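To keep things clear, I will list the structure first and then write my remarks on it.
Chain naming follows the written order as A, B, C and D, and within any one chain the residues start at number 1.
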Amino acid sequence: MKLDGMYQEIILDHYRHPHNKGLRDPFDTEVHHVNPTCGDEVTLRVKLDGEKVLDVSYEGQGCSISQASTSVMTDLVIGHTIEDALNAGDEFLALMQSKGQGEPDEDVLEDAVAFVGVSKYPARVKCALLGWMAFKDATAQALQTTEGQK
Amino acid sequence: MKLDGMYQEIILDHYRHPHNKGLRDPFDTEVHHVNPTCGDEVTLRVKLDGEKVLDVSYEGQGCSISQASTSVMTDLVIGHTIEDALNAGDEFLALMQSKGQGEPDEDVLEDAVAFVGVSKYPARVKCALLGWMAFKDATAQALQTTEGQK
Amino acid sequence: MTVHLPGLLDTDAIRKDFPILERLLHGDRPLVYLDNAATSQTPRQVIDAMTHYYANSNANVHRGVHVLAEEATALYEGARDKVAQFINAPSRDEVIFTKNSSEAINLVANMLTWADEPFKVGVGADVVITEMEHHSNIVPWQLLAQRTGTKLKWFGLTDEGRLDLSNIEQVITEETKVVSVVHTSNILGTVNDLEPIVRRAHDVGALVVVDASQAAPHTVLDVQALGADFVAFTGHKMCGPTGIGVLWGRLGLLEELPPFLGGGEMIETVTMSASTYAPAPHKFEAGTPPITEAVGLGAAIDYLSAIGMDRIAAHEHAITGYAIDALNGVEGLKIIGPADNVARGAAISFTFGDIHPHDVGQVLDEQGIAVRVGHHCARPVCLRYGVPATTRASFYLYSTPSEVDALVAGLEHVRQFFG
Amino acid sequence: MTVHLPGLLDTDAIRKDFPILERLLHGDRPLVYLDNAATSQTPRQVIDAMTHYYANSNANVHRGVHVLAEEATALYEGARDKVAQFINAPSRDEVIFTKNSSEAINLVANMLTWADEPFKVGVGADVVITEMEHHSNIVPWQLLAQRTGTKLKWFGLTDEGRLDLSNIEQVITEETKVVSVVHTSNILGTVNDLEPIVRRAHDVGALVVVDASQAAPHTVLDVQALGADFVAFTGHKMCGPTGIGVLWGRLGLLEELPPFLGGGEMIETVTMSASTYAPAPHKFEAGTPPITEAVGLGAAIDYLSAIGMDRIAAHEHAITGYAIDALNGVEGLKIIGPADNVARGAAISFTFGDIHPHDVGQVLDEQGIAVRVGHHCARPVCLRYGVPATTRASFYLYSTPSEVDALVAGLEHVRQFFG
């Protein structure tokens, strides 16, 4: 079945057993992002520490793609440098815009490579990006606050 | 040539040698009517006398149909009773709305029967009606004034 | 096994008129098109009428003395006659062609924005809508409210998915200038009882606008019986083309209300400093109108009328009843909207356990079943019922019981997939 | 005898693409279609693209997860890409689909009606147009003036049919908020030199709107080279369908200016009390857009681009030159508009002795020759040149020298008829 290209087992796993779900303290910033076309929502917290992403936690509702993608994202960024995390986000965005043609770097994207099939479904690309966009936004806000305190 | 159905010789005659053209005194009312879609214009004067249409005169510019129709109309109403004149106008209107199917009464409409062919050309019906509408309007205004004076 | 329900149309014959229904998806899946509330499919007769127009009579309308211009004008104005007859309008001059329903409603809102007394809106006046409106019957009134200071009020909904009119005297008051309400909800399927609303609105001197976007395609729409002042609908939901909608309005109102868009065709005479306007409907049709689209809509009306709107309504009632029963038998499925088949249109929204509608729709699509998922341009309804989105199946004259069966089977597949 | 002019296209081949050009009128008269400024004819490729859409991919756009909805969305948004490329727009998001040129211009006028500073119009501000505008670029600004108290000013015309810019500093002043001007006049044929107008307008901080309705079909239209802020044109004059037009606008402006029509598709999120709007272009596209019409317009752009807009312009230039010479040889005929073939489009208006244009058009029609007669939605031009109306012949990529010859012969026949 062609759908398996989109709903890879790894995606369904993250959907059924999401990682890092549930809001946690401490955090620097909290953001709330919505996908207006389908009502998917995520509330996401970020805790940075100088160079590193110390923690990301979230609460949300939405389709399997948006939920799994957020779960995968947390694995990819927590404990990594901010720079690497944002880089991974850029890679993921490029993958999502590839219309199924992307050749993702598994070293960078790990489980997130499973989303290559989603990029063939324009209506679902936004779902896959929801958590990533929230992370980027929260991180940018946290960095700004830190800048301001310097 | 099918056009002959529209431009009957009698119409072209009236167009080339219009009757009663040129504004005359005395008159009761003067009206100015315009056909906005093509710019045809007529200024028309009416002189009534109790029951009768004493005089109609006009000045105008426009296509052969509008000019000839106005000329034919003056012949049909000058010297007739107001009632007969307005009746002829109603007959003519019905003829124009007949889409080529009308069977005009030559006793009532005289030369105006020649316009039956025009009724097949929707874009030209308004041209043929311009003078008649002006006459009807001017007569109604003149009658109102007379009423007012009673 | 074929199901026989009383009132069904001969869908075998009808489906032959719709070329797209022969399409296979994902290789070999026949299309099961259950997204009719979003847009309907187009019969060959309508496609052919437009193709024939382009190949034979295409010209700009009005003012032309050449044959093509006369034919185009006759076809365009002939379509207006057909619409007038279809909705039992007292006069053909009451039928205004717009680009869609949304423009039709915005047209009314903008006429009122610029109107003088007695229609003048503004601070101290209010506009009433309902919580089950499509965004196209919400946002134009929010814009009017922001622009003029008019207050926006609305009727709420009952738990059963019906309008809550219990406070009608408080909602529609002497301050109310206009009440705009949907005939048939595109998300809940509810068919509203408009009679008490029209009566109360007219008692207080308010105008009534009816959004008939989901009514004109599916049932006999009689604007005189309805008693409203304006009625809006859209071509692409009634077997017609995109790019055309209709606003019907009472002639007396159309004569008094100011124009909206300015341009060619809507004028009587123009000088650089001032213009006068043509009589309705042309006053409200600026620029080259959707000519081919009117030809197509006229052909759609001929097509629907030949079958009979009453028979189409009966067919859809039968299918909807069958679908409600079948869906109620699906474990974990919950219908959002009237659960019975009374005063109900042919759109059924539902949730399915905690499987998100996007996922439901995607897996159904894989089986060739086209449903719509999301908030269906009626987000306040989702908020009201506490759901982020729904899956919606909606039927039309070519829908069959076996398509309902396919949907039910498809849902079982969805459950397995995400189980 | 066939005439050979440098720059002519292979019209034998091109004409085969247009089914209507095979039509015989009044029994046996081949159609000589010289009414292209009113609307163009539609090639088979465009008709087929729309027919194919209805028969294969018809669905409502955006938000759908099913195959048809994805195909329809890709086709609709693909048409936007084609338009953007056709006019060299910096971004596809700058292309807004409207129902026609008139709506596009009204859209700008209404954005400004509701805009805040620095765009705010009203008492003390003014809007500048010209005396050669189509009614669709006059009436929207008259309405804006009446509604907001803004003052309307305009450039006059020279006896030769050109814009009189001698008083440009007095007409466009620090008070000017917007200058809206036609690229190519539909009645005079004049192609305006927009450069000094754009420069002066931008010097005083005014926005520039260009009505390119008669430019987009006939020449290379490069919005970046033009330097304007908004550009409007319409599908049915450029081999596309009715029911669709385009407004191009600078992205920065589209982001800042308020929406016009409200409804589905143009929102980000809606509650009963307030809404937020989608980014441009969707912010300005309320309701179901003209989807099929966009598909058709996209196909028209492919068709025109394959031939090449520069080559089409050259062809029309050759035909127009030939026609000006031929018409100047007709006794009693007087061209209203530039008498030479410099900075000139393919529409030629004229008077013919004292034979009224209606009569000219009617007798030409009888010979199968379709011209337009009247004021061509530019009544101020007729007033300016003291004529009640004109006869207009207008050419396109399929026009031939022998059609010009037929026109000249037809005019001789008109003279005899009324002689």
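The criterion applied here is as follows: a contact is a pair of C-beta atoms (placed from the backbone, for glycine too) under 8 Å apart; a residue touches a chain by one contact, two chains touch by 3 or more.
Keep in mind the model is a prediction, meaning the values are calculated, not measured.
Visitor: Moving only from a chain to one it touches, give the least number of moves from subunit A to subunit D.
Guide: 1
Visitor: Between subunit B and subunit D, what distance separates the C-alpha centroids? Give it in angstrom.
Guide: Here the centre of subunit D sits 39 Å away from the centre of subunit B.
Visitor: Roughly how many whole angstrom separate the Cα centroids of subunit C and subunit D?
Guide: A distance of 31 Å separates the two centres.
Visitor: Please compute the C-alpha centroid of subunit A, do the same for subunit B, then give the distance between them in whole Å.
Guide: Each chain reduced to its C-alpha mean, subunit A and subunit B end up 80 Å apart.
Visitor: Where in subunit D do residues touch two or more of the other chains?
Guide: Residues 26, 63-65, 69, 267, 269, 358, 362, 373-374, 379 of subunit D touch two or more partner chains.
Visitor: In subunit A, what residues contact two or more other chains?
Guide: Answer for subunit A, listing residues that touch two or more other chains: 37-38, 121, 124.
Visitor: How do the chains pair up in terms of touching? List each pair.
Guide: A-C, A-D, B-C, B-D, C-D
Visitor: Taking the touch rule as given, give the residues of subunit D at its contact with subunit A in the complex, in rising order.
Guide: 62-65, 69-70, 73-74, 267-269, 278
Visitor: Give every residue of subunit D touching subunit C within the complex, in rising order.
Guide: Contacts found on subunit D: 19-20, 23, 25-26, 31, 33, 35, 38-39, 41-42, 46-47, 50-51, 54-60, 63-69, 99-103, 105-106, 109, 114, 131, 134-143, 147, 152, 154, 234, 236, 241-245, 259, 261-267, 269-275, 286-293, 358, 361-362, 364-365, 369-374, 377, 379-380, 383.
Visitor: Show me the residue ranges of subunit C that touch subunit A in the complex, using the header's touch definition.
Guide: Within the complex, subunit C contacts subunit A at residues 26, 356-359, 362-363, 366, 373-375, 379, 382, 388-389, 417-418.
Visitor: Spell out the part of subunit B that touches subunit D in their complex, as residue ranges.
Guide: 1-3, 6-7, 12, 15, 37-41, 61-65, 121, 124, 127
Visitor: List the residues on subunit A that touch subunit D in their complex, please.
Guide: 34, 36-38, 121-124
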